[in-house]
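Before anything else, here is the set of structures, which you'll find just below.
Note that subunit A is present in both complexes that follow, paired respectively with subunit B and with subunit C.
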Partner chain A sequence: MNAPANKFAAYICSGCGLGDVLKIAGLEKVAKTEGKMAVIKTHPFLCNAEGVKMIQDDIANDGVTHLCIAACSRRAKAEAFTFPTVAVARANLREGVTWIVAEGADHDEVRQEMAEDYVRMGCAEVKKLILPGGNKKESSSKKILVVGGGMSGMTAAQAAADAGYEVVLVEKTGALGGFANQMWKRMPFNAPHADAQPTGATELAAQVSANPKIKVYLNSTVAETAGAPGRFAIKIAQESGSISEELCGAIVQASGFSTYDITKLPELGGGQPNVVDQAGLEALAKAANGGPIKRADGKEVKSVVFVQCAGQRDDSGTHLPYCSGHCCGTSIKQATYFKDQNPDIDTAIIFDDLRVPGMGEDFYRSAQTKGVTFTKGKTSKVTGGESCSVTFKDLILDEENTIPADLVVLATGQVPNAGVELDDWTATVAAADNGDEAAKEKKTALQKISVLNMNYRQGPDIPQLKYGFADSHFICFPYETRRTGIYAAGPMRRPMDMHQATEDAVGATMKAIQAAENAALGRAAHPRAWDLSFPTARLEGCTQCKRCTVECPFGAIDEDERRFPLFNEERCRRCGTCMGACPVRVISFENYSCDTVGMQVKAVNVPDEDEEKPRILILACENDAYPALDMAGMQRLTYSAFVRVIPVRCLGSVNTIWITDALGAGYDGVMMMGCQKGENYQCHFVKGSEMAYYRLSKIGDTLKGMGLEPERMQTYEIAITDGARVAGLINEYVAQLVEMGPSPMKGFG
Partner chain B sequence: MTTANETAVAKYRNNFLKEVEATVEEGHWVKMCMQCGVCAGSCPFGPHWEHSPQKIFMMIRAGKREEVLKSDSMWMCTSCYNCMVRCPRELPITHIMHGLANYAYRLGLSPKGQPNQVIAKLFWESALKYGRVNELKFSLAMYFRDGFVQGVKNALAMQGVGLGLVKAGRLNPMEIISGHTCKDTSGIHKMIAKAREIEDRRRGLA
Partner chain C sequence: MTASIATNQTILVVGGGIAGMTAALEAAECGKQVILVEKSPTLGGRTSMLYRYFPKMCFPTCGLEINLRRLRGNPNVRVMTMTEVSAVTGSRGDYNVTLKVQPRYINESCTACGDCGKAVTAEVPNVANYGLDKVKAAYLPHGMAYPQRYVIDPSIVGTPEGEAAKAACKFGAVDLGMQEETLELKVGSVVWATGWRPYDANKIQPYGYDRFANVITSLEFERLCDPQGPTGGKILRPGDGKEAKNIAFIQCAGSRDENHLRHCSRICCMATLKHTQYVREANAEAKSTVYYIDIRVIDRLEDFYQNVQKDPNVSFVKSKVARVALNEANDNPILHGVDTEGYHRYATEHDLVVLAVGMEPEVVGVKLPEDIVLDSSNFIEGSKSGGMFGAGSAASPLDVNRAVQSATAAAMRSIQVIHKTASTEAA
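Let's turn to the complex of A and B:
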């Protein structure tokens, strides 16, 4: 919290060539007269031990509480310029000015103006900063709740226990093991990846049950999940009807998958005798127990055909549109069940594309060596019965073919058990609240399939991305869901085989542990893990519009009994989407608020119309766009010196007031740079950039009302690698604005 | 008397893949093909033959015995080894192609008059007879394979090249009379006969 007397100081670095091309005295003057800094110091090498010592001494002896460091990008020298006891703002003179403004005396004037503006902005920002105190709680649970006792869940529980954490494992059925209990063998986990291996489920179940750190609830479901990371209050409903309560720090959801209903595939013989799915074949192999595999009618199988992609990769919209990933490997494994027992059994696998990721290629080769026949073809018809037949188009020989078989195995896909789809839930609840009887019944049914039964404002389960699989930032943070502290593992996250599921489980468990530890320290979860700030709302100004509660990508905000937003700080990821959403601007962070950015916007010196120096505001996402801009500097690309860049936590945190303020003050244009949105989103906060685009799509009318062209505000999707592209985009936009002519708002600001 | 082909058909019944594995040089590799098509894309003869190696392997697995053995595709292989170098599964494709061609020939199923087959046969016969190839007689045999008139025409067309070779000392016209042989031709004949006997026994062609 703030010391009684704030003392503001500006430190200007003249190293890295800054002093050669900038008039440092001019910057000092700006910091003094306009920035009103109490202490202003210049150092030729601010980030070295001597420079840092100078700042530390001022903090210790001179009572400096707020620093504006005018040197390099906030992404550079972060360690040297970390002063945990004071608030720090960074003015980016190196990557942001000297490295990107064209060289030569012709550009001295605009370069100096740009640098002075950044000093103004830094001084303006630091005045609004408050050192975050963190929301450290007295007691915080680090216990890990694992939902689901299959291979993923058991592996997760074991991994957490091995790491020294208490675990609560909730399993719906009467035994641990999940789908693995139905299996005869698994695909090989280790070299030489040649033969199917025992599943190991029984041993793992015994290990988990005997582990004193793991408390197993069988025949139990999660009746309610309340709270936040560090303080999840879990109600566990047991078969007896009794409810147990557990306090947990983080959650791993490993609720697994169901097999696709084979009877939905009548054209492939689904439902006919001697046509089974892969689960059915596992049952036959288990019954055979290493001996000859027999059909349901007791006949020994002498020939078997595996049909890949049965009811999968279907673009007609009838069946699963996706590839379940494991089924090629599983069919290979099952074909070797036959070949290992009797090499004379004819085993054919009809595949379209054989997909065996990882070391599966070795397993494939091993099966070929054992004599399994692989035929590239597309199966059109399967007939079951006493003598089965499979009709397919051979895609290499380009001809129709029919082969007989004693048994046909359909490689159907995985259907995730991820719980309730939230849009469906929201619509159903709204209808039920309006008295719709059918909707009320549906609501009850949905509550039954819910896995976590969260009491969150935004619905009872974690959000799904596509095809019912739990959302995950599959490129950067695969286990992250859109509910902080809850991590998804195994086939409910994406289709996968057992080995991948166990790896997934360990990964998700590590993230869960991290979340519980961060919560105990009062810190945010990834990607702002160091951040001790959290959002607060001036409730007296709140209009109860609920935008923040709806738009929060992480479901962090509930409603209190008076229908005001109720922040669960531990669930918050500090993206600021709530702040961007708030129409009355009552939400803020100590170190990031409408004011910290707004004052920077206002601090910029906007030249008059006749000076022919346009001003363009760039609001750049700190995760991708801002690094890309830094990268342009590192590559010594040049872009217009008329832009002023302000990093934002996420485009979702951009409050439209900043844009209207900027344009009202005579800026000629605003560039918004965020991450890719949509299905293949790159946004670190999942929905932030999408929210921003949605909100900004409606700003056109406001601009028209101000008498401005809608082109004066542009949005861009920028990836972290777009250094060269971003420089080009800036120059193009500046050229476009020059053509449009100066903003009519100039001089009224 | 049953032919070698009839014997093979009876022995392997429908399982052509097994037959290839047992009788064709490097035939046990056929099952390892993963149908990527890199061989088909690498072959310089790609546009000219009917069945790429990829297809030949698929046809073997599909039991298309007659079609494979009567195909002229594998006879076109020039042994450039492109496919073999590029095959991700490291199949000795070139060797398999020659193995299949040889097997088809032994069964009497190979396409009659296929030029590569003719030249291979003449080459082999010359080598077998003298213990080395008599280039003059081998060339003339090639020219005259389609009859005397065509042979004269072929020889006249090539006379410039022939005279050049004679002038350069690369071709001795006197070879036409006897031609030199290796030291122990009968030893060579015995050795080849023994080798063939062993191999035929192994392949079930004896």
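Let's turn to the complex of A and C:
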């Protein structure tokens, strides 16, 4: 029960034509007699300054603590109806009722009933809302841990320090610089994009080492990552065997890449003398130090052939399927190493598609001017040795060709050092726990390649997206990881060149400092950054079934020693998947709970069978399906006035009790509207939509037990653009339910 | 030193497309004060004019909804639409900015109820559809427009139509007396997220965009495929409204060409590959032919390319098309050129030609502060004193994902400027 100090108020807007087609007195009556609101006011233009002031005055002078605003969609006029000190529910009478119910007196009755139900629902919801107070943590750390001391990691460390943040940088080797230390030069970052440039790694390493805000651990690895944003407890294992502990607020993982093993390419001469990969060529160029580049046997190189896409873009399943993106530019750069030193050296680049997007085109042009030869062809064979040869199909001349060379460079790809792949980890641990000896050994081996050694139950590293890269799944949000406060940067996130990697590191650092700041304020991380609510569990009711810990898409929940869920609030993204998962309904947020939704479901007036007015509950994802429904309203499409829509944070947060309660109360059907699932999923909480489908696939037996047809519960994938489609789906479903006849539960609810 | 650094802790973000929104939100969600200015009446930029994104084929409005929700929930960002930066003076940490605000003729009382639009009969070209159709002269820019407020086109101000709109509004939201305003403000750092525009296809004379109705740009094609677009998602030829079933895509239209855009615009290859899948979805029999120099789809986008290569309805011709002619009998464009794989001449007829036009910085022709450093294609590399940054496709031809990455980095750099300013003052 709420404290007696709570005062509930309903504000009803009669503007935007609401007052013309709805009986406002009827809505007021519902708010009073059924909603039990202490204050009920109607205004002809609630969102204007005067209307808003009326509400503000009631809050300030009349002690109103909870508002139900019955007006337009929660997506409209959000700024006007923001009252940060009170709990607010919105009853959607405009986009949700008057704009979608067919015009005319014939529909007056159902329109009014729909509006009254939304007022009932809004009043029911607001009574269960608690204004989240947030959970500020004075002791929260804002120190940034950067894992990896290559160009990405050094850039991240410098970026954070430049913004005033303390940094801990952990590098496993004895020096900062990473792969850049092996390079002679880099591609140009700036106009005129004409010549290779010094990498700048040495200077950056010196700057980072000298920066008083950055503490560098060399010859060190992360032995354990525990905790959560704002309180990551990091154990750093040093070469000496000693362990240092650091408390950090957020993490940038910049663990870099390895080069693809050239010996896996014997047909391209991998492993044979005078056939090198691009890293090998960098070493030769570095040794030459601006002079003539010599082979390992000391002979000066007079002709060199670059073979692009070596072991890349491979659709046979043998080598890397992806394109590493930088290799065309890198080969161009390396060809100019020769041309800049001696224009007479023959340099040929054999490529399929020459991929130098953006300003790389200028660099390409520059190399052409310098006399580098470009040949479109597919290389089939390379022979190394005293005199190398390259056999390829010239795709322009449409003929097989073999050319000699002193040196052959294979443009192999980047292999990410992203740590342990979690599916592999889970399977291995399961087998090891069953006593499988080989699995035990593998588990130890995996622990050695883990970068973060997280103690999360979901495994020791951040999830990988594809091909071992820890990239985000989202186009609009490239830094999303499924482990809050940990951000991937550089070639372990996605194959990339040095320019992109350093840019990437700066962006990842932005997200890291933001995560640390928000953790200190008790605010959620993306995508609900404004959200101060956090989940709590009534442990006395918990059956320790572990579903919440398993289903959390973000690894936010651990188990304590008694196997109860242990929420790491700072890891939580507030999607509510745990709440949907809980069979005994003990998990809730202050402003989103089984009750805030459940009471809305119960508040709806379900007509008797003989009224021939079916009732359909729609639970709609608030990011996509709900806006799609709004869009139907904005386009003045009509859909059935028999539906009642409740927005949910994510379909994953839907607890099946809402469905069984609705059907038990005589609703005729339930429509669940979530995002696309599967490989190209669009759920911004990753697995929410999928989890909902999984759970609901099991609800059929429950329905059968209630004597209900399985068709009374339907799930739909709805995109935000589906305004017209969703209106059609509603109408089809209502027609189908009318055909089926009323729910046999009616009258028993 | 202290004297040269201003007190202002505000970040100005210029441009309200996805890069500008991202830069503003990332900084604001880190507690910084941000002013986000956008010259059009709504946020969203060019991404809101895309039907779907590659490679997931998901909907840009989905991410826009999340960003708008972040914005609505964050008091640190002040959004100003119909606003342009007309001057910036000063240096890192201490900029004086002059803003020009164009009249919207609709004030904050607008509820987006639509009554003014109903009252008006005059129509203007629909910017959201690249002018392929029309909207009422009192209009909401699109369904996801933010702020969710109508706009009155200046052409009806001072006419009976304007008065009709005013009379129709029950809330006093139509204000035909609004004037252009000028504002001055101080900021510490500026992020230029001014975006891109399609290269003017009329300039690519051999392709006949200005002469042949059935030669269109990739941006126009995007709108044709969108159910919210001018044809309701049907791929109809602008010339005669017939369904296009044999479509040519000409890559590097204006890009990688020293007579036009020097640079590679990066997005066009993937955009075209995406378009071939729109074609397939619209009509399982329809054919796409891609005329290309190199297919530039890097990293795991390669998967998408490999899948399209397996599509029997899509073929690839390695050729820079020399010119487009017209079959006057049926208005079909005829492509002439040499297939460089084997060196065959061709003259191939298609029923629609889509020019994959390049990205030109939107600031070309705009007077920028002298401090700004541009590259040879007028993309913004940064500024001499280091207090202003390019973000997104203002900084480089980038796809959406990389533009957001770039904007996040720009927000970081702005915060560095702000923090340095603050710590210098404290010292």
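Throughout what follows, the second predicted complex is superposed on the first by the 695 of 749 C-alpha atoms of A that agree within 3 Å, B and C clash if a C-alpha of one lies under 4 Å from a C-alpha of the other, contacts with A are read in each partner's own complex, and residues count from 1 in each chain.
Here, a residue touches a chain if its C-beta (ideal position, glycine included) is under 8 Å from a C-beta of that chain, and two chains touch if they have at least 3 such contacts.
Quantities reported herein were computed from a predicted structural model and do not represent experimental measurements.
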Joint occupancy of subunit A by subunit B and subunit C, clash or fit: clash
Which superposed partner A:I396 touches (first subunit B, second subunit C, both, neither): both
Which superposed partner A:Y322 touches (first subunit B, second subunit C, both, neither): second
Touching partner for A:C72 - first (subunit B), second (subunit C), both, neither: second
Which superposed partner A:I475 touches (first subunit B, second subunit C, both, neither): second
First, second, both or neither for A:T375, with subunit B first and subunit C second: first
Which superposed partner A:L354 touches (first subunit B, second subunit C, both, neither): both
Greater subunit A contact set [subunit C / subunit B]: C
Which of subunit B and subunit C A:S244 touches, first, second, both or neither: neither
Which superposed partner A:A159 touches (first subunit B, second subunit C, both, neither): second
Segment of subunit C that clashes with subunit B, given the candidates 314-322, 368-376 or 404-412: 314-322
Interface residues of subunit A shared between complexes with subunit B and subunit C: 354, 365, 376, 396-397
Residue numbers on subunit C that touch subunit A, as the complex places them: 18, 25-26, 29-31, 53, 56-67, 69-70, 72-74, 109, 111-113, 140, 143-144, 148, 170-171, 227-228, 256, 262-266, 294-303, 306, 318, 340-343, 374-377, 379, 381, 396-398, 400-402, 404-406, 408-409, 411-413, 415-416, 419-420, 423
Interfacial residue positions of subunit B with respect to subunit A in the complex: 17, 31-32, 34-35, 54-55, 58-59, 61-62, 64, 89
List of subunit A residues in touch with subunit B within their complex: 354, 364-365, 368-369, 371, 373-376, 394, 396-397, 401
Partner subunit C, residues of subunit A touching it in the complex: 15-17, 45, 47-48, 72, 76-79, 82, 159, 162-164, 190-193, 313, 315, 321-325, 353-362, 365, 376, 395-398, 466-467, 469, 471, 474-479, 494-496, 500, 503-504, 506-511, 513-514, 517-518, 526-527, 529-531, 623-624, 627, 631, 634-635, 675-676, 680, 682, 684, 719-721, 723-724
